[in-house]
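In this document, chain identifiers A, B, C and D correspond to the written order of the chains, with residue numbering beginning at 1 in each.
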Amino acid sequence: MDALDLVQNKKIHCLDHGFVELIDVMPRIVPDGQTCDYAICQMARTSYGQGTKSVNEDKGLINYLLRAAHTSPFESVEIKFHMKLPIFVARQMIRHRSSSLNEISARYSIMKDEFYLPEPEELRLQSATNKQGSDGAVNLEEAKTFSKIIKQISRDSYAWYENMINAGVSREQARMVLPVNLYTEWYWKQDLHNLMHLMALRCDSHAQYEIQVYGNAILEIVKQLCPWTIEAWEKYHPLRGAIKLTSLEKDAIKKCNNENGPRKISPIDSTNRREQNEWISKAQELGYEI
Amino acid sequence: MDALDLVQNKKIHCLDHGFVELIDVMPRIVPDGQTCDYAICQMARTSYGQGTKSVNEDKGLINYLLRAAHTSPFESVEIKFHMKLPIFVARQMIRHRSSSLNEISARYSIMKDEFYLPEPEELRLQSATNKQGSDGAVNLEEAKTFSKIIKQISRDSYAWYENMINAGVSREQARMVLPVNLYTEWYWKQDLHNLMHLMALRCDSHAQYEIQVYGNAILEIVKQLCPWTIEAWEKYHPLRGAIKLTSLEKDAIKKCNNENGPRKISPIDSTNRREQNEWISKAQELGYEI
Amino acid sequence: MDALDLVQNKKIHCLDHGFVELIDVMPRIVPDGQTCDYAICQMARTSYGQGTKSVNEDKGLINYLLRAAHTSPFESVEIKFHMKLPIFVARQMIRHRSSSLNEISARYSIMKDEFYLPEPEELRLQSATNKQGSDGAVNLEEAKTFSKIIKQISRDSYAWYENMINAGVSREQARMVLPVNLYTEWYWKQDLHNLMHLMALRCDSHAQYEIQVYGNAILEIVKQLCPWTIEAWEKYHPLRGAIKLTSLEKDAIKKCNNENGPRKISPIDSTNRREQNEWISKAQELGYEI
Amino acid sequence: MDALDLVQNKKIHCLDHGFVELIDVMPRIVPDGQTCDYAICQMARTSYGQGTKSVNEDKGLINYLLRAAHTSPFESVEIKFHMKLPIFVARQMIRHRSSSLNEISARYSIMKDEFYLPEPEELRLQSATNKQGSDGAVNLEEAKTFSKIIKQISRDSYAWYENMINAGVSREQARMVLPVNLYTEWYWKQDLHNLMHLMALRCDSHAQYEIQVYGNAILEIVKQLCPWTIEAWEKYHPLRGAIKLTSLEKDAIKKCNNENGPRKISPIDSTNRREQNEWISKAQELGYEI
């Protein structure tokens, strides 16, 4: 069965002209009724050789691997995307050094006249509390002006880029007037372990909105290819459904439970014995009775 | 000031014949009264350019970087060790692919007659509950036998290794009879970000005891070179003082707090405003009043 | 078309009990009549955007990419193998840090009684000229003794391993008596760029014979998956059909041709014996008298 | 002895406002009269254990390591730079994924009004033969116009950037109008093995002139820190003084020498024009008539 058929919508549009398109995946051929998750289990089971007979079924195994940070089996899945994205988004994404990529070369090719041009409603104010974030909409009148200006600068820059190209100026130099809202394109291949790290950071609400759009497009595709892995990741990653308590925060809970008399806490909503036991030991560490 | 002088004991003995020895560190020269932590702050502050004036002092910055998983500044510190360790420990450690290393070559050199030979008290039983762990001591009488056997096999193997070498057999082939408790040596250079990952896994109580010894020796050295980083790591890493609650576990606490009426929880023991606010939002997410 | 069908023999036996088996490849589905080479061209052409129209056909493109060291398109092909190999071979192979792998765990599983046991004819003498090589066969009488000894040590070690396991000693400790000719198993996934580097070093005549066997098995599979890439690699890689002349060697050829006397060529301007010998063999390969 | 004292000029100016500045090196403290090369030998000698006694002196060892592509000892040297460079140069450099870096954040900080503004004489024509290169100067009258235009676009973009910032638009969005000739800054740390790869590609005459300037600044610093390594690299790297002959080119030389007619050499057996041209220039470099 072709794993690409697991994905309804292989090309997800992003911002005004961009996209994330699924090109290929490893494993590409999966057993009927299964997903790319199966390659993760196949890889993990090698570690256990003959010992695998008693290992729980695949979904439980994937849950366990993610909880226990046994990350290498997730490297066995590779996903290849074609993306079109503004340069300033590409510059954030390329900080993830674990990918293999080929980008269109502005030395070799003439760049197309495609810029990310946000609508007035999409312009955001600088956050008052977070020096690297935005917060709330720009006053609409001003936003209309700025939106027009961004279009104008993009158009003018491109016109002069074209003029220089037509006059024979080298592409590698002419491109230097193009602003970072210009769209670029690349093929991007990365393994699932590293993709989960990228998505955790880039789908997060602290990431710049424009890269969240790409992060979420990637997530929408990946969760169709590897549904159990993404379900587990949503439950166990501290930037998703889970939470990380520092030792100081742990102390605050413990103190609260000691001072008021230990509170009786319920088991978690899971039938997995190992997961239940992990909770019991964490709850005891937090001062709960269970 | 030479950063090596921060470390009291540069060569820590491990197991019977092994060691971890600090060879070099980057930054090697640090301002008087400071430690290698300063290079992390220098690196981090670049990201903020002119904006750095209002950033808190160095210790708070390091705490923040670790809490927020801003990992790249920790890559600015490199530490180089000389280690002697049994092959089976070396095989676990080399799974950390981010290090640069040079190991003694058993094709080029004649290996020395040095084996890890545990005393009878050091032999551990297979854990009944953890298929990849050990638990409790082997019955002393049997342990004495096995300890003697391990010595015997090591001695016999080495004797035949030497015989083959003396008869002119190639080193690369003669070494194949040597068991994996043979000591090997290498230079190991790794950046601090990746070393923290290695230490988290290898100092953990689930790691094999023999590699914990090496993990703890590395930790003892690193905490003298980068005391603030290691203090923060002890507070914020889920395999150290911190704890990671899955979404199911979060739900159990929330439920407990809802059912019995929300419990009043204390602020954490920190004067850092950002850290206090992080706790407030986590505590609210867990159903506490604060 | 399923790319696995390009490979006649997916499981190649190596040494006495080992193997290299092709498990998966990316791209797995290739256009009819094509091979995995096509994904390399697809990746490379992105860099050229609209400029691709005039680019030569695929085979020429692959040749050019390899000659010009444009390596990133070759990262677009991923190959996954299952291997069984002696520990001392595995220890050489894992020095290639670019792979993703899962190895059977001797903490979790009981290792099988399988050792690499060379026949007497397979035992090689230490090279007199190359400190890390072997050269010629061991005298047959001695070789018979040593071959028997290797079997004996392996059998005895395994017997004691089994005894300890049966007495309840932890697997992670019991395994320490097992010699490095024990077979281990792993899944090994690597991209084609890094595989070419691995093959260049490990198929080379200076590599230990036992790892050459694995290098050549990998090569036999890869050349069926990516025939044009491997054809180009054979022509352009200095450890295959190509040759690298240092600046000194270049000068010597220039001098020869200037002086008009034809095929008598000078030694290079170096007092280093090894460097001179390298030149002598290269010059002879080029047809010069020296 | 402080290795930084080996370098005369620690801050090399690049283009109009950029620079490469040496910040730190590992090893920082080197024995008197030695250089950072010594750490490479120290690392290499580990591989040889007791066998080192007969190894030649350090310079010969470094030459050998580079000729034989024993690359890991060169990873033992780490060099940290502070750089200011235009975004389009930064985008080329960051393709080298082996570095650790921290870049100024345009989400956090307000970017400075600093752009790379080439003088009219510095504007180059598109190469007629190399689709990704430049060749010759732009006609001076036109160049004056374009140089003025580049200044104008940069100034206008920055003015609108400032306006948006002053109106409270988030920095992360306002920056999108800034063209890629804007200067950015980063700390860049990389090991010597990977730096040699970067320099080979980026100091090469096929690289864009603007990145060659940075490549050469790095080279000027590195050759003072590790003089023997760089001397060897200049002799043995095919993109520096050495040359790589493909198997076809080798065959042509052999044929010439067999036929006894001396310096008249045949074209290679290929119908690919580019490949023929590469051979013509190599053969001429070797002193042959063709």
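Definition applied: contacts are C-beta pairs under 8 Å (C-beta built on N, C-alpha and C of every residue); 3 or more make two chains touch, one makes a residue touch a chain.
The structure displayed is predicted, hence computed values, not measured ones.
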What is the minimum number of touch steps required to go from chain B to chain D?
-> 1
Farthest chain (mean CA position) relative to chain C = A
For the pair chain B and chain C, the C-alpha centroid-to-centroid distance in angstrom is 32
Take the average of all CA coordinates in chain A, do the same for chain B, and state the distance between these two points in whole angstrom.
-> 28
Centre-of-Cα separation between chain C and chain A, whole angstrom = 35
So which stretches of chain D touch two or more other chains?
-> 48, 51, 72, 105, 108, 131
Of all residues in chain A, which touch chain B in the complex?
-> 48, 51, 67, 69, 72, 95, 131, 201, 234-236, 238, 240-253, 255-256, 260, 263-270, 275, 279, 282-283, 285-286, 288
Complex contact set, residues of chain D against chain A | 86-88, 91, 94, 97-98, 105-108, 116, 118, 123-127, 131-135, 138, 142, 146, 149-150, 153-154, 156-157, 160, 163-165, 167-173, 175-181, 208
In their complex, what parts of chain D are in touch with chain B?
-> 2, 24-29, 39, 42-44, 46-51, 72-73, 75-76, 78, 80, 82, 100-105, 108-112, 185-187, 189, 191
